[in-house]
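After this come two complexes, each holding subunit A, first together with subunit B and then together with subunit C.
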Partner chain A sequence: MIKKHWWKALGVVLLIYAFTVGLLVPLKPGIQQVSPRSADAGTPITVLVNGYNTSYPADPTAIRAWLKVDSIHALAANSIRQTSRRAIELDFVLPASLPSRADVMPASLIIDEAQSGVQVLPDAVFIRQQVLDPAAGNIAWSQTVIQDLHKTSGMNFPFRNILKETIRNTYFHVSLWFAMLFLFIASVYYSIKHLRTRELIYDHWAESFTRIGVLFGILGLTTGAVWARFTWGAFWSWDIKQNMTAIALLIYLAYFVLRNSFEDAERQARLGASYNIFAFSLLIPLIYIIPRLSDSLHPGSGGNPAFGSEDLDNTMRMVFYPAIIGWTLLGYWLANLSARLLILREKYLSE
Partner chain B sequence: MALIREIGWLLKKELTLEYRMRYAISGILLYVLSTVFIVYISAVRIDGAVWNVLFWIIVLFASVNAITKSFQQESGQRQLYYYSLLDPRAVILAKGLYNCLLLLVLTLLTYACFSFVAGNPVKDAGPFFLAIFLGSLGFALTFTFISGIASKADNRATLMAILGFPLIIPILLTMVKMGAQSMGLIQGNSIRSDIATLVGIDLVLLAVSLLLFPFLWRD
Partner chain C sequence: MRIRILSIFCLLFGTTIPLSAQDGGLVDFMDSIGKIYVVVGVILVIFIGLVIYLIRLDRKIARLENQIMDND
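Right, the complex of A and B next:
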């Protein structure tokens, strides 16, 4: 029993692990919001910082903060006040000029304290300058060195300012898509097998894999739309990746219409298998090549880095890869049930 | 060698049929003329972007209409006769080649008519004609194969549309993009990768059609 069905148990265990760990592990402390977002060089400013998951200590000397304009130039905060565990105020005296000839330079905000570790908000404050004097700016911005940064302790997922908690959707949206692709590949494999052997049983397998693949595709599209609602502002923003995905689902829905237009099971199987292989060969350019060549909001397209190069850290990998395996095994299980049902139906109902 | 000879015969047969009946070419000519005319009178002004999109859409619908009949024109008995004589790969290659020629004529004809009534915004002719050529090949291969599948069913026209249109979108989008670039509507030099995409898709379609058609045809 266990010897035969261990993979089902493994799939369920992996998914339970992905759901619990993926949903319960907290995010790293991060900077949620700062104000103001712009300032003039040569003036003192007070930056109000809203932290996410932070626990800023009441003792201001335990906190250090910098504004960093490039890899070597930074400015330390003059004084720091804690208003709550989630909010601090930073006073900076901006020098009269920046270490560059540019009119405006974006400065990243870096906050470091022992308990929450280091927190970074890229391009937090935009600094305008009237007097262009790079030499003076160079001196004024080279007074501090950022060093002895603390590490965040414990298990955490990365904090990304635009993603926040939705980064957990990686374990559902992205993993479901991986699993869908594996299911479609399995379906093509069985279609080829059917065409070579003419055995109807392989066609039942191919059809079942396509069914579950489409189900996973719809789930992936839905989770993607929910994610897009949060990060891009709308469930459906006519992004090329979304459109291509919807078309990919149309291609597979057409597969079922095609099958249903034939009465004869043998014909249904042969034409369905041919179309399945043909469609898969066009599915690859449709979802994986064309969106990459066009402008898109989705990671991995139009020059955007693919999700994973820097956002997917080792903690996330510990959940992400098991989630892919878990969804794939669950998909295989579902397809297995569907295929067995089709085989039984053919055996007992066709006579 | 035998394969090439068979393709030659089949192509000659298709062309002779076409010459005797003049069904496809006159039908397409009228189709293109009337569509272009309808587009012309319903649109007030056709500028570059609209021109590009309308052009490829007219080409798309005309191609579907032209190719749908490629496996339906001939009776079942005659198909059986071919099947007993010929290599299936020769059949699909000849049909694909003939349809590609037909689509090239059709597209150039549409281009001529459309330029005549709505002006010609194409600035860089090279990529535009390359897009027409590679796109016609892709359209012909896809629709020929789909019409091979659809011809076995009763609801041919519906199947042709629901099976063919989603599949044609990668090719169509790349063509629209190349068209827009040749008109100077979008900047950038992605033309190489677009050509590579189209050539890649065409080659994959060719390979898959050749591999799968032998399983399709005997019925």
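Right, the complex of A and C next:
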């Protein structure tokens, strides 16, 4: 019993692990919101900061904060007040000039304290300047050095400003796509095996793997749309990744239409197998190559790797890789049921 | 069966466009809770998809069982 079914149990255990750990591990403390978002050089400003998962200490001397305009220029906060564990107020006196000839410079906000660790909000405050004096700006913005930053302790997932908690979708949406690719590879393997041997049983396996692959693809596209609604702003942005994926899935749906247009099982199998190889050879460029060659909202466009070290750190890998194996095994299980059904149907109903 | 797959697809495409432009309140609410319900939504979509697949498989097995019974 266990000898025969161990992989089903493994798949379920890995998915239970991915669901519990993937949902329970907290995000790193981060900066949720600041106001104001813009300020004039040469004026004092008070920046109100809302933290996410932070525990700002009551003692303001334990907190340090900077506005950073580029890799070498930063300005430390004059005074800091804690209003709650989730909120602080920072006073800055902005120098009259910026260390640049630009009219506006975006400043990142960096907050550091021992318990929550360092938190960064990129482009937090846009600073306008009237008096262009880069030399004076250079001096004024070089008075402080950002150093001795604290690390967040404990097990955490990265806090990314737009993603926030949705970074957990990596274990569901992204790993589902990986599983889909493995299922399609298995399907092509059986299609080739069928073309070489003409055994119908291999065609049943190929059809089943394709069926589950398409199911996972549709789920991947739908979950991607839900995720996109709250990160890109719309379910469907006509983004190249979304469009090409939809086209690839339509090509795979045509596989079933093609099969059903023939009565004869042998012809169904032979044409299905050939078409499956064709569909797979289109899937790879459509999903993995073309979107990377052009601009896309999706991670991994413009030649970037889909996973920067910030998007997928080692803590996430501990959940992400087991999740891929779990979804693949679950997909294999579903394909297995479907194939057994097709084999039984052929055996009992063909004569 | 195939029609059902296509209708799910059409549903996906059809509902996406009109919903996209509106509703700043929903976006603000999601922001305030770190968008955790997006994860809930994604998990629900996957779960519902798997259940729909299982229901279809169940029906196919039942049909095969009936046909085998009739043949005997």
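Keep this in mind: the second predicted complex is superposed on the first by the 343 of 351 C-alpha atoms of A that agree within 3 Å, B and C clash if a C-alpha of one lies under 4 Å from a C-alpha of the other, contacts with A are read in each partner's own complex, and residues count from 1 in each chain.
Definition applied: a residue touches a chain if its C-beta (ideal position, glycine included) is under 8 Å from a C-beta of that chain, and two chains touch if they have at least 3 such contacts.
What you see is a predicted model, and the numbers here were worked out from it, not measured in a lab.
Steric overlap between subunit B and subunit C is absent once the structures are superposed on subunit A; the two fit side by side. By the touch criterion defined above, A:R345 lies against subunit C but remains apart from subunit B after alignment on the C-alpha atoms of chain A. Taking Cα centres throughout, subunit A sits at the apex of an angle toward subunit B and subunit C that amounts to 70 degrees, reported as a multiple of 10. Of the two partner chains placed by superposition, subunit B and subunit C are both touched by A:V257. Contacts of A:L10 after superposition: neither subunit B nor subunit C is touched. Legend: residue contacts after superposition of the two complexes on their common chain; A:A96 is shown touching neither subunit B nor subunit C. When the shared chain is aligned, subunit C comes close enough to touch A:W227, but subunit B does not. Of the two partners subunit B and subunit C, more subunit A residues are in touch with C.
By the touch criterion defined above, A:N169 lies against subunit C but remains apart from subunit B after alignment on the C-alpha atoms of chain A.
Judged by the touch definition given at the top, the superposed model places A:L297 against neither subunit B nor subunit C.
Judged by the touch definition given at the top, the superposed model places A:A76 against neither subunit B nor subunit C. Minimum Cα separation between subunit B and subunit C in the superposed model: 12 Å.
Shared interface residues of subunit A (contacting subunit B in one complex, subunit C in the other): 250, 257. Contact residues on subunit A toward subunit B in their complex (touch as defined above): 195, 244, 247-248, 250-251, 254, 257-258, 261-262, 267, 270-271, 273-275, 277-279, 281-282, 285-286, 289-290, 293-294. Across the interface of their complex, subunit C is touched by residues 19, 23, 27, 32, 52, 163-166, 168-169, 172-173, 176, 212, 214-215, 218-219, 221-223, 225-227, 229-231, 233-236, 246, 249-250, 253, 256-257, 260, 334, 337-338, 341, 344-345, 348-349 of subunit A. Subunit C meets subunit A in the complex at residues 2, 5-6, 8-9, 12-13, 15-17, 19-21, 27, 30-31, 33-36, 38-39, 41-43, 45-46, 49-50, 53, 57, 60-61, 64, 67-68, 71. The touching residues of subunit B, counted against subunit A in their complex, run 142, 145, 149, 152-155, 159, 162-163, 166-167, 169-170, 173-174, 177, 190, 193-194, 197, 200-201, 204-205, 208-209, 211-212, 215-216, 219.
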